[in-house]
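Each of the two complexes below includes chain A, the first together with chain B, the second together with chain C.
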Partner chain A sequence: MRRYPTWPIHLALLLTACVMLVPFYWVFKTSITGENIFSYPPSLLPVDPQPFFYVDAWYAIPFPRFFLNSVIVAVMVIVANLFINAAAGYALTKNFAGKRWIILLFLACMMIPFHATIIPAYLITAKLGLLNSYLGLGLPAFSHIICIFIFKASFDAIPPSLIQAAKIDGVPERDIMLKIMLPLAKPAVATTIILSFIWSWNDFLWPLIIVRDVEMQTLPLGLSTFLAYFEDTTGALYAFCTMVLAPGLLVFLLAQKEFIQGLTSGARKG
Partner chain B sequence: MEGWKGWLVNRVTITFGLIAIVTVGWNLYVRAHNDGILEGEVVDAGGQPVADATVILNEQTLVSLAPIAETTTNENGSFNFLKHDRHKVVLTVAKPGAGASDRILVRLYFRNQNHTLPDPIILQPRG
Partner chain C sequence: MATASTSSHQSRIGGGRTVAPSARRGLFARKRHRELALIWVLLIPALAIFLLYRVIPLLWNVVLSFQFWSPTKPSEWAGLYHYEEMWVYDDVFWEALTNTFKYMLTAPIAIILAIGLALMVNSRIRGRTVYRTIIFMSYPLMVVAVGIIWRWLYDENVGLINYLLRSLGIIDRPIAFLETFATALPSVIAAAIWQIIGFFMIILLTGLQNIPPNLYEAASIDGASRWSQFWRITLPLLRPSIFLCFIIGIIASFTSFDLIYVMTGGGPGHATELLITYIYKAAFTLTQFDYAGALTVVMFVLFVGLALIANALAGGEAGKVDIAD
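Then we have the complex of A and B:
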């Protein structure tokens, strides 16, 4: 069989990757140069780079406080998503009456945008007395249907004989999920961590609605506050954007292998 | 790797561990250098130290400079400010008969950072 050279594919992939990375590069370059985005001709390489726009952004708003708020909410959301979605995904691997309808209901609910349910969500949160609190900030993101299906696909790929052997040995259902299924579903765990982290980290509308005090604001809200305070903010604004983006990129890069495995585990089955 | 080594030596632990080390190191450095001492030297166009020049420490706002502290140079032309509590200031220097300086923008890595101006501020005669 004739083997074709792989370098054209690698070259094409490299060029595509470069094109995809241009916006990130541009944001970072502007954050260290403060160059006006409308300047013409634009410079491809940073001219006179310096880190002081990051210092400006750090002191312009209470960045550590907003960062801490975002981290607390993100951690709560990740933990809740792991437990709730894994449990729901495990339940959907079982056969029970109405399973098909529940899956259809989940799929139907995926088509409803969050904006359409935001008023009921607000009213429920208010009734629970959770407005302006960390729990209230994270509550609507405690479960994502897509993550339930990712867990379901991952659990379905585990040989049933393994579960049957555990049952014969008298392992309770809870331990089967926690000690057998979850360790074998690392890609699904990583995918859930990444998705729930990024969605929580970038969420703007929900915190905007339920947060009352400046001390409870998260980073996306801080960005709007930042824009309201200052006018000439090109460098500091992009520095702020870089600081907001960095944790999400870091989490993605750390777990990207498992993330891709998690997204394709269902596709490999069968 | 087995057991605790597997938990300790992996990319997640190493990455966040390094971030924690850098953060602690940076905070220790800040703690050791945040007395807010800003010092420098004023010279005339000939490079001679200028005594009794008025040095004003300004905060730059959107439209103007707001003075926040003022001092005078000693016989060696040196000056210093304590506890400036800013991360970006503008220095202006003037002395009747000797002239005035350009605005000197001083940007610091953190608030109250100790800093010595690398170059002397030069007074230029003004018409």
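Then we have the complex of A and C:
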């Protein structure tokens, strides 16, 4: 087959890469600019770089507190998702009366976007007395249906003979699950961790609805509140924005293979 | 139905339990009971969450939409009052509905671009994994931060986009992209495309890599050009992936709250109002929970309808979850 020159492809991809990267650069540049960020024309390179905006942001907002809140909620959601979804996925590998109905119920629930439930979800959370609390922030995300099916699929792939052998050896059901099946379902565990992390870390609408106090705000909520107070008038906004993006980017770059794989298998989320 | 199929499956999964000798039936029945109890104990946490945060809210929404409801007063039956108000009197509802449909344009545009990108990063060129990473990178990031980035790029005075357009002589006076009625929604859509395109690229890339290479070999032996190979082999076989992207795009048009909230807040006027941002405002700014409930019911019915249509068009393949047991 005739070989085509590759330079047009490189050119097109380089251009795309620029379009994808320049927005990040532009915000980072603004966050370290030393001169007035509103002087025209804007310089393409940071003029007189300095960290003042970061210092401003650090003193204007309780960044460590926001970060901690985000981490606490994310960890809660991840742990809950691992246990609840692995348990449900394991139960669905068994046969029992009503199994089809349960599966249908799960599939139907997948068709309900969380966004279509916010009003009663808010009222329910208020009734439970969980407004403005970590548990309230995490609870609706404690189980993602897609992860149940991912766990079920990976448990189904474990050869039944292995389980049978363990049963014959008298291994109790609990140990079969924790010591044999869970380690064999590592990809499902990784996917669940990644999906529940991203969805919890980036979640904005739910915290916006149920958080009242500044001390309970998570990072996205803190960022949007900052925007609401200061508009675009200060470079500290872009310093804050960079501080918020940096950990997410770092986590992504460290585990990008798992991220890409996890998000692709989570694509069917409703 | 489930009980009837139990025995045949048990022989596969549960091993010897099905052919219990009658003498030991009591023991096995007890074991079976314990196993059943365990199954339900394992299912209950997940079921509780979905009941509490999916099923009950959905039904409650429907109930709310037929009531006059406020946190302080006892509720009253309202019949179709809210729906009538929405349908007949509420211009903002219609604007939000139209905008939600317009926002769906994100999907086809992003899909066409992403097909091109997927083909390119699938070719044997150096650095393709680096390109993939860079193009995908924007997808998992926090939408609130992405919205702030794009606000700044669109800034009227010192935004990069205005600066570039002015330097290139395309426009001679700066455009306030996000404050102008005509440009606000397209500008937000552009930002949405920027964020989702890498995800679509990866989905389509997976689709491309699942196409058996011998199809192309056979086609080129038969003298098919690259162009006709693309139209006759690549595109038809990519159909499930394309529809998956399409459904994700439809979902996004119903759930893109964060981006709109941060970039425009629904403005100017209601030029970028989507159903979801309007629901939020009706419920949590104006505290009209009953009316917002009616809006939510309309949004949900629309969402399910579109998802079913898209699924039917895809031949029932997109979003399929394996329930065969």
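The rule we apply is simple: the second predicted complex is superposed on the first by the 171 of 270 C-alpha atoms of A that agree within 3 Å, B and C clash if a C-alpha of one lies under 4 Å from a C-alpha of the other, contacts with A are read in each partner's own complex, and residues count from 1 in each chain.
Here is the rule we go by: contacts are C-beta pairs under 8 Å (C-beta built on N, C-alpha and C of every residue); 3 or more make two chains touch, one makes a residue touch a chain.
Bear in mind the structure is a predicted one, so any value in this text is a computation, not a measurement.
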item	value
First (chain B), second (chain C), both or neither touched by A:L250	first
Chain A residues touched - chain C or chain B, whichever exceeds	C
Touching partner for A:Y134 - first (chain B), second (chain C), both, neither	neither
Partner chain in contact with A:L223 - chain B first, chain C second, else both or neither	second
Partner chain in contact with A:I148 - chain B first, chain C second, else both or neither	second
Contacts of A:A97 with chain B and chain C, given as first, second, both or neither	second
Which of chain B and chain C A:A121 touches, first, second, both or neither	second
Chain B versus chain C as contact partner of A:L107, first or second or both or neither	second
Intersection of chain A interface sets (partners chain B, chain C)	232
Interface residues, chain B side, partner chain A - complex	11-12, 15, 62, 87-88, 107-111
Chain A residues touching chain C - in the complex, by the definition given at the top	1, 6, 9-10, 12-13, 16-17, 19-24, 26-27, 30, 37-42, 83-85, 87-88, 90-103, 105-107, 109-124, 139-140, 142-143, 145, 148-149, 153, 160, 164, 167, 173, 198, 201-202, 204-205, 208-209, 219-220, 223-224, 227, 232, 237-238, 241, 244-245, 248-249, 252-253, 256, 259-260, 263-264, 267-268, 270
Residue ranges of chain A in contact with chain B within the complex	50-52, 55-56, 59, 230-232, 250, 254
List of chain C residues in touch with chain A within their complex	1-3, 5-6, 9-10, 12-15, 35-36, 38-40, 42-43, 45-47, 49-50, 52-58, 60-61, 64, 116-117, 120-121, 123, 125, 131, 133-145, 148-153, 155, 157-160, 163, 167, 194, 198-199, 202-203, 206, 220, 244, 248, 251, 254-255, 257-258, 261-262, 276, 279-280, 283-284, 289, 292-293, 296, 299-300, 303-304, 307, 319, 321-323, 325
